[in-house]
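Look at the two complexes coming up: chain A is in both, with chain B in one and chain C in the other.
So, the complex of A and B:
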C-alpha cells in the first residue's frame, strides 16, 4: 500500500493510547484557556464590573442570596421595584443563575477562599464557557469522533456569536444556559443511542436545571419532541427512542413544574403541548408494536391500526378543543411573534422595541460566525450522508436554529452551537481525508481486506445489521483514531478502512494534501484573528462605562456611575426615581433607589404611564408624577458627546407604548413634523417641544455653547436659540458629559398656586430686584 | 313691498333646501361610484362645507403612474374594500358618513390649501351639526398609518368615527385556497411517482441546505423590514451594518453555497477520482483556489458593510 508520507510503525498500542489522551487533555486545557481568556477583554480594558442592564438585577438578587440565604431569597418581596406595586422576586425569576453563583460562593467560603460575590458573578460566564466547550465536545463526539469534537469545542470556545452573551461581567441567564442546552442535548443523544433510562433521567435533570436558568428552555422542550417526531415519521421507532423520550419527558416535566415561575405552564400552555403530544403518540405507537408482536391476525392488526389513528386524532382534537375552551393558553406573544413576524410590532410594541428582537441582516451572521457560516451547510450535508438518528437531530436543529436566528438577533445564540458542531464535522472530514497518508492503488484495485483493526472488526457486524450507530460505510478518509491505530506495530496494514470497499478512494501526492491542509490552517488562523478582533472591539464593552477613542488616546466615559452614585449619596433612601424602563435595574443596583419601571417588563400599563408622563407636557405630566410619589426623574441624553443610545432616540417607543393605552391623549404622528420627519430642532412639532422628555433633555443645552450654534451631535441638528423652560421640575444633577440628567420634581406650591404661576411670580420678583441698580445709575 | 318680505321668510327654507340638496347630491355621487365619491376641488368644498351633519373620510392620493406613488397604489385597494363594506350598511345610517377620494391631479389646489406634501393621507372630517356633532369639527383627524396599509386596521380605526362600526370582513383569499387545493390534489395524484423523490435523503438535504443558506443570508430581514431588491439608483449594497437589500441575500447566499459546495467537492468528490492522479490534482487545486477566491470576495463584501473591519485576503 503506497503512502504519501511515512508513519512510525514501531509504537506500542499503549503509547498511542496514552499520547492520544495526553494530547486531548492538553488540547482541552488550551481550549478552555482560550475560551476564558478571550472573555476577559472587558475586565482588562475596564474593570471587574457587571455589564449592561439585566445583569445588574441578577447581581443584586445574588447578593441577597449570598447574604441572607436561600429561603430569604426565595420569599423575597422587593418593594422598591415597580413602585408602588412592588415585585415578588422569588416567583418571577429563573433562579438557576443566582443559585449557581450562590453555591460556588458558599463552597469557596467553606474552603476558606474569601472571594467577593461580585467577582464570582463577573467570572461565571467565562468559567461556564469552558464547560460549554466541553459539552460541545461530548456532543460532537457522538456525531462523528473525538477530532471533530475537539474542533467543535475550539470553535464554540472563541466564536463571537457565543462570546457576545458571555464575556466577563455579562452576568445573565445565557451565561450558564448554553452549557445546559448543549449538555441536555448531549444526554438526550446518549439516552437515545443507548436506550438508557439513566441517561434519559440525567437529561431530565439537566433540563430541569435549564428550566430554572433560562426562559429559552422552551427551545429544548420543542427540539427533543421534534426530533422524536421526525424519527417516528421516518419509521425509525425503536424501544430505545421510547425509553429515552418517556423517561426524559415524564421526569423533566414534573421537575420543571417545581420552578415557581414556570408552575403549571408545562400542562397549560401551547408551547409545551408539542412535547405532550409526542409523548402520547409514542405511547400509542409503542402499544401497537407490543400488541402486534403478540397477535398475528391481519384483521386484528388493521383494527389496531385504526384504533391507534383514532386515539391520535382524539388526542389532537382534545388539545385543540382545550385551547379554544381556554384551558390551554395559546402561544404567548413572544413565541407567536417568531412565526407571525409582523405580530409584535402591531400588538406588543414593548417586545418589538427591544433592539435584540430585531431581525438579523447578513453582516451580523458573518461577524458572529465568520467562516463557520459557510462550512455549516457542508456539515449538514455530511450529516445527511450518514443519517444516523443523532444526525437527524443536528439537521432539525440547523433548520430551526437558522430560521430563528434570522428572525431575531438575540437567537443567534441558539444557532451558534449547531453551526460550530456542523462546521467541525465538515472541517474534520476534510482534514481526515487529506491527512490520511494512505494513497489509493493505481493499477489494480486491492483485494478485499478481511483483517481490520480491532475497532473496524467490531463495527463490521453492526454495519450489516443496518444499525444506525454503525459508522459510515462511505467514509472516504480515515479518522485520526484510525490513523493513530495505524502507527501501532501489531497489524501492519490496518489504517485502510477505505480498502474494505470495492472502489478504492483516496488522495494522491503530498502537494495536494499540503495545499488543502494549509488552506484550512490559514482559515482557522484567520478565524482566530477575526474572533479576537470582534471580541475586543464589539463585545467587550460593559455599556455602563463607555470608551471613546480620540486624539489623546482612550477616554473613559463614566457618567452612568457618576450619576447613580450621586443619587445614592445625595437623596433620601426612599426617593422614588422615574426613568425609562431600560435603566430600572441599574438604578436599583447602583443607586439603590426605588424605581417605577424596570427591565422586567411585566406590567405594560405601568410602563405606558411612564411613557405618557415623558411624552406629555409638563402640566399633564406633573399630576402623574405626584400621584406616583416621584421625587427624581432621570433621562439619558447623548446629544453632547454623540451617544446614540439615548432617550430621545428611544422616545418614539415611549410614545407608541403610551399610545397603546391612551390612544386619545397620545398620538404618534403629532411628534413628527408635518413633512413626517423626526426632528428636534427649530422645526420640531409642538407636541415634541412641549414633551417632558424633550424639555429635560435640552434644558439649558444652548447655554453650553455660549451663544454659538447649539448642535445635537447624535441627530446632527442645530438646536433653537432659546432652549426649553421648566416649571414643575428643577435640574438636580447633570453628569460630566451630560449623558445622565437628573431632575427633581418640585413639591406643590405652599401657597396653593400652580407651579407655573408661582414660577412666573418668582421670576417677576427677580426682575424687580435687578431693576433698582439701573434706576440708581440713571439717577446718578 | 311684500315680495322682499316673502323672500326673507323664504330664506331659511332656501338654505335648508340648499343644504338638503347638498346632502342629496353627495348621496347621489356616492351611489354613482360604488360608495366612494371621486372628488375634485368643487365637490371637495361641498363635502367639507363648514356646516354639515355628516362626517366624511377622504383619501388624498396620487394614483397616476407618472406620480410614482407606490404607497398610494398599495393603499388604494384597502380603501376601496373598506368603503365597499360601508356601502352595505342600511341607507339611513350609511348616508351620514361618506367615503371619498381626491386624486392629486384632480385637486392640486386642495392639496396646496391643506399643505399636504405626501400621499396617501386620510383625513376624517367630523360633523358640525346634528346629533353626532363634534367639538373639533373644523380640524379633521389624520389617520395614523403606523399599523400599515392593510384594510383591517383601517376599518377598525375608522369605525370610531362612523355612526355604526364598519362591517368590514377580510375577504376569503380564494387564490390562496385554490392554489393550496390544487397543489394538494396534484400531490395526491402524483404521490406514487414522487414518492422516491420524497424518500430520497438528498431531496431533503438540498431543501435543508437551501433553507439554512437563505436564512443565514438575511432573508428574514428583508421580509420583515420589506426592503427592496435594490436601491432606486441601482446600487445593491445597502449602506450600514444592520441593513441590507434583497439582492444582497441572493449574492451572499450563493457565495456561501458555492463555498460549501467546494468543500464538499474536496471531501466527497475528489477522493473518488482514483483513476487518474492528475485529474484529481487539478480538481483539488481548482476547488482550493475557488475557496480562497470566494472567501476573499466575501470578506471584501463584509468590509463594505463594516467599514472598520481591518482584515482582508487577496482582494
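So, the complex of A and C:
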C-alpha cells in the first residue's frame, strides 16, 4: 500500500463529511470577515465618508429615498442639476443601489436599530463583497468542486481588482453589481445544468436586479446568448439549453424593461439584438428537433435543415432591415469605442476624457490581480480538459473579459471574477494532485480516504491566508506532522519524478509534494501581503480628503470639504456654481447648490458651454456666465501643494470638448506653445494666459511667494513675475492649501460701463486693493 | 409518468389547424405526430398553438393598426411569448423521451417550475401594462 504519508483509517465517513462541512463553514466565515475587514482601511485611515464623485450623487439620491419615500424618489425632478435644464432623476438612474440601501435602512429602523443612512451607504460595498465571495464560491463549485470554490471565494474576497471599486465609502453601482453579476451567472449555469425553468426564472429575476443596478448589465445580456450560441454551434443543443435560455430571456427581457432608464431599449437597440436573435434561433432549432423526432426520412431532414437556415437568414435580414429603417437604433458610440480605442477620442471626447475609460496599462494587471494573472491561463486550459457546457462559459467569459479589460481600465472589474475562478481551478487542481497521498503503484485509492486530503486542500491555503483558522481536522493534523518530518529527513531530489514517468504518471514521496505545496503556500502568502498593501495604499483614499506624508507624519488635507461648506454657509441657496463636470456631484452633495454640469454627462453641449467659458478670455466668458445665472465659479488648483488632479491638467479636455461644438472659436493648438509644449509659465501661449481657467488658477499666486520665484509644483514650472488680473470675477474664497478656489461673478456695472473700464477707473482713482504696482501697470 | 394535470385554460378550437397542404412528407409527419404523442403532450400542444395564434394576432394588430401604447403591446406579446416558451419547456421536461436529459427535474418539479415561472412572468406583464 504505497502512500506518501499515512492517513487515519478509523474515521467513519459521517465524521469526515461533518468535519468537512464544519471546516468549510468556518473557512467561509473567515473569508467573509477578511473581505469586509480589508475594505475598512478607508474608514480607519480617514473616516466614515462617501468617496469620490459618483457616490456623492448616489448618496444624495439615497437620502431622498430614505427621507421622502420611494414614490417621491421615483418621481424626483431635480431642478438644481444641469441648471437651468434640471434633471429627471427617477428616469435617468439605475435605482437598484439606492433601493437596496433604502430597504436595509427601513428594515433596520423597523427592528429599532437606528443607523444613520450614511453609515449604511458607506458599509454597503463591504457587506456585498462578502456576498460576492459566496456567489463566486457557488459558481466555482459548479465548475469543479468545493475546494476550488473556497479558493475562488478567498481570492475574490481580497483581490485588489475588485476592492478598488468596493472599499467602504465607495458607494457606487459596482458595489452590488458584481455580486449580482456572479449570482446571475451561477443561476444561469445551474439552470443550464439541470434544465430547470425555476433557475431560469431566478436568473431572470436577478438579471432584473442587475439591470436596475448597473449599466453593465449589457455584459450579461450578451454573455449568456454568446454562451448559448457557442453551445449551439458546437452541436451541443439540448432541451436543457432551450429551457434555461428561453425562460431566462422571455422573463428577463420583459423584466428589464420595467426600469425606466432602460425602457424599450431591449427591443429597439442593437446591443440587445444578439440575445433576441439567439432566442429566435433556439426556437427554430427546438422545433426542428421536435419534428425530426417524429419523422426520420433523410430527404425530409434536408428540407427541415433548409427551412431552419432560411428562417435564420430571414430573421437576420429582418433585424438588419429594421436597423436601416431606423426602427432599431444602431450601435452607440460607447459600443464602438470598445472595438476601436481611438474612436472615442475622435468623435466623443467626453467619453475619452473620463480617466476610467483609458486603456489599461500593463502593470495594473499585476497590481490588481497579482499571481492570479499567471494562474489564469492555466485555469482556462484546465477548463478545456473536461469541456462540459459550463466550462465553455468560463472560457468565453475569460476571452471576452480579457479583451474588455485591455480596452478600458474600469472593465478590469468584470475580468476579475473570472480570473479568480480560473486561478482557483488551476491552484486547486495542483493542490489536489500533490496533496493526494496515493502513489502511482496503487491501482485505485479508496473513496473515503481521498476525501480527507481534498479537504486538506481547502484547508491549507486558508490557514496561511488568515493566521488564525479552525482547528485542523484530525486527518490533516497527522499528515502535516508526517510532511514536516519528511521535509527534515529527505533531501529534495528531482530524479524521482523522472522515474515516475516511466512507470505511470503520479507523484512519489513527500519531498516533491512539499516542494510544490510550499511553493503554492508561499505564493498565496505573498498574494495576501500584496493585496493588503495595495488596498491600504492605493485604493483606500476617499479622494475627498487627501493624505500627505511629511516629516510630522500623516497630514490630512481637507480643502474640498472646507470649500464646499464655505459655499453652503456663505452663499444663498439659489446661488449657481459653475465648475468642471467632475465636481458637480460633490457640489450638489456637500454644498447643496445648483450646478451647471455634473458627472452624469448626458448633455454634451452643456458641458461644452462650460468648457468654452473656461477656455476663452474673460470678455467672451462673461456673457456666457451671465446668461447661465452663474454666481460662483469653482476651480481646483493643485499648483501650491502638488495635487496633480487639478483643473489645469484637465484643461485640454475642456478645450477639446468645447472645440467639438465650437470649432471656429476654440482651437486646441492655440493652447500650446509654438514648440508644441503645454506650458503655464512665461512661454505659455496668449490663448492659454488669457483663458479664464488659467487666470482663476494663478490669480494672486505669485503673491504667495513674497517676491521670490513662484513655482507651480505640479508642472514644475516657474511662474511669471506678474500674475494674471481679473476684471469680471472677484476672488471669493480660497481654501487652506489653495486646492479649491471660488470666484464670484460680478454683476453688470450700475453705470453701464463694461467691467474692464470700471475696474481701471476704480484702481486709477481709489486704489481699492493693496496691490497697486501690478494693477497700475496693467491699467496703463 | 404519473404527471400532474396541465391546468392551462385552453380553448380547444385550434388544435388541428396547423397543416393542410399537400406534400406527403407533411402528411406523414402529421400522422406520426398523431400516433406517437402522448395525450398529455397533445393537450399541451393545443395550448401552444393557441398561444402562437394569439401572439400572431397581436403582432398583426400592432403592425397593421397601431402600436400606440407600445408598452401594452409589448407586455401582451411578451406574455404570449413567455407563456409559450415556459409551456414548451414544460412539454420537453415531461416528455418521456427526454427523461435521461432531465435527471434533476421530475414531472412534478417541472410543473412547479412552470407555475412559478408563469407567476413571475405575469407579475411583470401586469406591471408593464401601464
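Definition applied: the second predicted complex is superposed on the first by the 702 of 780 C-alpha atoms of A that agree within 3 Å, B and C clash if a C-alpha of one lies under 4 Å from a C-alpha of the other, contacts with A are read in each partner's own complex, and residues count from 1 in each chain.
Following the convention adopted for this analysis, a residue touches a chain if its C-beta (ideal position, glycine included) is under 8 Å from a C-beta of that chain, and two chains touch if they have at least 3 such contacts.
Since this is a predicted model, take the numbers as computed values, not measurements.
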| item | value |
| --- | --- |
| Joint occupancy of chain A by chain B and chain C, clash or fit | fit |
| Partner chain in contact with A:668 - chain B first, chain C second, else both or neither | first |
| Which of chain B and chain C A:196 touches, first, second, both or neither | second |
| Touched partner set for A:294, first chain B, second chain C, both or neither | second |
| Contacts of A:515 with chain B and chain C, given as first, second, both or neither | first |
| Touched partner set for A:242, first chain B, second chain C, both or neither | second |
| Partner chain(s) touched by A:384 [first = chain B, second = chain C, both, neither] | first |
| Touched partner set for A:550, first chain B, second chain C, both or neither | neither |
| Chain touching more of chain A, residue-wise (chain B, chain C) | B |
| Partner chain(s) touched by A:251 [first = chain B, second = chain C, both, neither] | second |
| Superposed arrangement (fit on chain A Cα atoms) - minimum chain B/chain C Cα distance in Å | 24 |
| Touch list for chain A against partner chain B, complex | 341-342, 346, 358-367, 371, 373-378, 380-382, 384-385, 387, 395, 398-399, 402-403, 405-407, 415, 426, 429-430, 433-434, 440, 442, 476-477, 503-509, 511-512, 515-516, 519, 523, 526, 529-530, 533, 537, 656, 667-669, 674-676 |
| Residues of chain B defined as touching chain A within the complex | 115, 117-118, 142, 144, 146-148, 153, 201-202, 204-205, 208-209, 211-213, 215-221, 223-225, 241-244, 248-249, 252, 255-257, 259-261, 263-264, 266-268, 270-272, 274, 277, 280-281, 284-285, 288, 291-292, 295, 298, 302, 305-306, 308, 310-311, 313 |
| Sites on chain C touched by chain A in the complex | 25, 28-29, 32-33, 36-37, 70-71, 74-75, 78, 81-82, 85-86, 88-90, 92-93, 97-98, 101-102, 104-105, 109-110, 112-114, 116-117, 120-121, 124-125, 127-128 |
| Chain A - residues contacting chain C, complex | 193-198, 200-201, 204-205, 208, 238-240, 242-243, 246-247, 249-251, 253-255, 257-258, 264, 267, 283, 286, 291, 293-295, 297, 299-300, 303 |
